[in-house]
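Presented below are the structures under discussion, each in the form of structure tokens.
Two complexes are shown next, each including subunit A; its partner changes from subunit B in the first to subunit C in the second.
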Partner chain A sequence: MARVSNQPKIDTLQSVELSEGVEIQLRIAGVFARSLAYLLDLVFIIIAASVLGFIVGVMDSFVGSNYAMGLYGLLMFILTWGYFFLMESGKKGATFGKRIVGLRVVNTSGGIAQRGQVFTRNLFRFVELVIMPLIGLCCTMMTKRFQRAGDLVAGTVVVYAETDVQPSVALNSGREPRPPGWKLLREEQAAIVAFRERGGLWSGARQAELASHAQVLVKGESSEAVTELVGMAEWLTAKKD
Partner chain B sequence: MNAREFEEMNRERWAEYDDLLNRLEKRKRAPDARELPMQLKKMCVDLSIARYRMYHTALRDHLNDQVIRGHKLVSVSQGAFWEQVMSFFLVKFPRAVRGEWRLHILCWLVFLLPAIGLYLAAESNMEWVKSILGENGLRNIDAMYGAEAADSLHNYRAEQGADFQMFAHYISNNIGIDFQIFASGILAGVGSLFYLVFNGLHFGAVFGYVEHYGNPEILYTFVAGHSSYELWAMVISGMAGMRVGVALLNPGRMTRARSLLEAGKKSMPLIFGAACMTFFAAIIEGFWSAEVVAPMIKYTVGIVGWVLLILYFSLCGRERFVEA
Partner chain C sequence: MKLENVTAEVRPRGRWESIDFGCALVRESYGMIVKTLLMTIVPLWLVLWLVLGEISFALVFLAYWLTLPFVGRVVLYVLSRKLFGEEVRVWEVLKQWPKMLVRRFFHAILFGRFLPSRSLALPVSELENLKGKDYSARVSLLDRNGGDGAAQTAMIGWLLICIAGVGLLILLNLLMPFSIEIISFEDDAFWGDETGALIGKWTVALYAFGALLIEPFCVGAGFAMYVNSRTITEGWDIELAFKRMSSRLERRQSPVLQLPKQKSTLSDTKSLLVPFLLLAASFLMTSSPMASAENAETTERLEKSSQQLESLALSVDGTKQPMTESQKLAREVYSGEEFQVHAEMVKERAPRETSSSWSWGGFDDFGGMAILKAIFGVAVYVAIGAFVLFVVFLLVKNNYLFQRRTKQSSQNLKKKRVESVMGMNVTSESLPDDIVKAALEAWSQGEAKLALSLLYRGAISWCADHTSVEFANSDTEQDCMRKLESLEEFHQQNYFNELTMLWMSLAYGRQIPEDVSLRQLCSTWPFSNKDKREEGGASL
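Up next, the complex of A and B:
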């Protein structure tokens, strides 16, 4: 079957094998996107707290200050401990901040996270992001799937909710198919095919630069190398017809 | 077969699948919902074929997304809600507490030893108590439980809505403390221990001080009713936090990440049960504990609470009581 090279990966795609026996690839969100979402959520919480304070302040004169104070206490409790939990266990699996940035919380196998998991990951938010924000930050950066401690304990990851389809234009084919000099790894084949699939939007210089990485494979320089690579891509895909 | 032929061949089935997903995701009626697992399997096969034959990226990404969507719908687990609630309180929670008996003893000791120590220290030397409670703390305690404060509690609670306000306060404060005790367990357990010791010291200091300088009957009649649920819930939160802390310190033969995940699963019922107990305690504390009732009745209710909890945690959910 397929041989896999040991090269370090250059993207944040995470392969997850499902019980159906197939692998899916999740796009894990990094520290920057998540921090941004968190800051947006903080802003939202502050706004919500002020609005609640105002409403309760108005109610004060109708129901009496003790009830109003009690109600405010309960609402603030729900807001501080429940906002993230309630939003993330909803259908979108995301708080307002995460929705704006385009993220959602899923379990490590890509399925919808259970309520318990969402609850756990958000309890630890208190220590990781409120008392000692550095812990959350460092833990997120140090783990392979960008998980903070709460994510590790709950078994969740934060992923991009939708794969954004990158516009890509294939390099114009019609070049002579040519076989590569020797048998390539599947991943190498895929890279060459992807080069043709996506090359159409790159400048000539960029095409040449990327083609130069395949120096062991192609003989020519710059634009010739590009032509050769596209030819190989032709050969690799044509072969399967 | 090239990519286009592959797409052509499967177009209809993919469209059907997409349509089914759309309806299910919007919670519309879908009489053909039982088709989903089969369809998903076929999509999985398509995805592996497309990957193996290295069809173009757009096709592979599309199939990847479609499989993820289907997987999300198929892997949702929803049991009967009330059944789950019942089995949680009757079986899962007490079993979880018994399962961690070492941590259970440890957390009780970590809470009780400082409390007893300070309570006893108050007899001979009040300096300890003063340093723990501080000027303001002492003044508050004098106001609530002092020798001349006989009726302040009842006077305040007689106000319209005061019970509700205190109920809300106990909810947010005490459940918040439970959550803090648990979450700070991630700091290798140190955080949970700190909160338990600190609460123990505070607890002992208040009792020691009121015993000697205040009116102990006000304090005891007030706390008796809810004491069992509240204190025990705090200790259980400590257990949950320590479970996570110990998992971090001593992962055994698992990786640390794996060990944390397992600890998370084990501590979930603990912290959830503790929060429910604290909620129950807040109801009693808010609406009943400050009522004017004969002290004997309050003490009896308190003792009954402790006995019930001891029976609950030692007997509930035992194999011989639970039918298979």
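Up next, the complex of A and C:
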């Protein structure tokens, strides 16, 4: 037990300690979500390129083909190199694809990524995806914070922009608050509270089964145990003077 | 499998986060996974390659594609045990491998393969051993809580496999010397009879690589979504937390917070001792009234056994005296988690040094570094000297480059003069001095071809000498004409064109030119060597 509880548990959340000892947790996004976002971005770029092509094609007859081709080349350059940079250094810190999947680019301490950082990570995009896709892929999968080489160099990570709320139905027994009788660890208190918050999703039998695992705290059997636990959750969450 | 020993943070997660969680699980035990895959699926694939490769590589590809669920079984075996804190050994997996291969074979390659959310369904058949109706009911339940996530994973996974395969090909090409190309599409041999087989072989090999690299992550993602789904629908995380809590509290046996409702094994007086017990064993033993008789003895032993409580308790046992209540309690308390010596290795990145501390002065802090610094200094000078010598050596060795430039005139630097065009000798030595005269002579003797060829060769020879045009041996008459047309300084274009037309119609069309036109050509001959030389001399 001791061995296990002392090992840091595998998790996708990564703690970052800020100044003055404040600890926050970054919800790092992994390779699958990011691949999907990139795929969407590619689709957008292709659509934009074909629209540009059409517009330039119309302009061709007015301004002459040399100018039109030059303009097209310029616009394509801005599109392919500027799309990621401009979008990611914007307010949302995300391209359209990233926004749809719900991602954004931040620096490793969770703050807004600087323009230079965004530039660097997108400069590497070309190297990683066009010249050596295998390196980029392996790097993203194997690093602890799912960073590709560009992210490592620029000191950025891709995180989920918003927390998604999990479905939960709370149990409400109407029982008076009841102290647990033991000094509990934070994790244990959280589990009891979560039992009340999410208990409504489970069948009565399952609730009783779960409550039976906490037999040290509760005396009663099955449904009584459940209500006792809910009472403890009430006590734990109640405001204390 | 003990659920309390879970090595990862289980909690309800969103779709993407649970997929990432699976990736993190795979990443943590990726070395083990690769090892086991090398021992299990790779030999199988090699056998398939050798056997089916004789027939067709499309068949090999199909076989690999169909046997991918077995990769999933191996990976899941490792992952599920890793999640609950069991370290798997390779030989364990190897022992299980025949079973994994045979068990529900057709289910694996058919249902396990074609279901879009197969990575989510894999744990149901593998870990829960469900079959038939139970299985499909379970799978459909799980599907509701992450089926689309699993399908998306499969789709993106397929894409990643392609990227990994292509990436390997690109990487191999990059690492090879430039002269060797793994697949050269320009190579004529490539487009020979064996083209299909070669492409097939490469495709299968790259697919196998990509699948071995990516598939574990897909399986891990499916497994994580399975765990997540059960966490949401069954409260797994809470079950784990309650179990951990129970085992912790049972070991404590006594509530620290004394409450009237709580049943206690201790009387009030003894429970007052608990804080003391927590302090130190030796003091406890001396202060406990019941153990006073054995005070001196135990204290000695305590010292002997470097004050380890465990050995103390043993020695009490050894005297065959019944353990007192407080001793028992002390033992229990001391065997608790809080009193174990925990060693934790914390790796911290050394603070980033400022650029100034990278200067050589930084080495002065270390004693032996002075010598190293001196050696390095010498090495730097030696390197600089060697470089200078090398540059000098290069200059001396290639001195002909400079000699040419200085000694020879720019005319001689010109590209090698062409000696023949269309098989005709166009050197000035092969031509008579007065070309017009020789041509007219030949014409009057009825040798039209000789006459015109003399004129034409003379023209080409003059152009090669006096203009910047560069003829090649392979140039046709048209090529020569075009090359001269592109020259700005060439003013005899019309004449040359006319000459060429006459020459070509004679040479290829056997049309003898009219007397007038030939005589006109001769009379307006612009390519006189004499004049040009004089002009050249004048300008010099």
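Things to note:
The criterion applied here is as follows: the second predicted complex is superposed on the first by the 161 of 241 C-alpha atoms of A that agree within 3 Å, B and C clash if a C-alpha of one lies under 4 Å from a C-alpha of the other, contacts with A are read in each partner's own complex, and residues count from 1 in each chain.
FYI, contacts are C-beta pairs under 8 Å (C-beta built on N, C-alpha and C of every residue); 3 or more make two chains touch, one makes a residue touch a chain.
Note that the structure is predicted; figures quoted are calculated from it, not measured.
Shared-chain residue A:157: touches no atom of subunit B or subunit C. When the shared chain is aligned, no partner comes close enough to touch A:233: not subunit B, not subunit C.
By the touch criterion defined above, A:45 reaches neither subunit B nor subunit C.
Of the two partner chains placed by the overlay, only subunit B lies in contact with A:24; subunit C stays clear of it.
By the touch criterion stated above, A:194 is placed in contact with subunit B and with subunit C alike. Contacts of A:127 after superposition on the shared chain: subunit B is touched, whereas subunit C is not.
Of the two partner chains, neither subunit B nor subunit C is touched by A:56.
In the superposition on chain A, contact is made by A:71 with subunit B only, not with subunit C. Judged by the document's definition of touching, subunit A residues 2, 131-132, 135, 168, 190, 194, 198 lie at the interface with subunit B and also at the interface with subunit C. Those residues of subunit B lying in contact with subunit A across their complex are 1-2, 40-41, 44-45, 47-48, 51-54, 56-58, 61, 64-65, 67-68, 71-72, 75-77, 159-162, 164-169, 171-172, 175-176, 179-180, 182-184, 186-187, 191, 244, 257, 260-261, 263-265, 267-268, 271-272. On subunit A, the positions that touch subunit B within their shared complex are 2, 18, 20-26, 63-67, 69-74, 76-77, 80-81, 106, 109-112, 114, 116, 119-120, 123-128, 131-132, 135, 143, 147, 149-150, 152-155, 162-163, 165, 168, 186, 189-190, 193-194, 197-198, 236-237, 240-241.
Touching subunit C in their complex are the following residues of subunit A: 1-2, 4-7, 9-13, 27-33, 35-36, 39, 101-102, 131-135, 137-138, 141-142, 144, 146, 160, 164, 166-168, 179, 181-185, 187-188, 190-191, 194-195, 198-199, 201-202, 206, 209-210, 213-217. Only residues 4-9, 12-17, 19-21, 23-25, 27-28, 30, 85, 152-153, 156-157, 159-160, 163-164, 166-168, 170-171, 174, 213, 217, 221, 232-235, 237-239, 241-250, 255-257, 259, 261-262, 337, 340, 342, 344 of subunit C touch subunit A when the two sit together in their complex.
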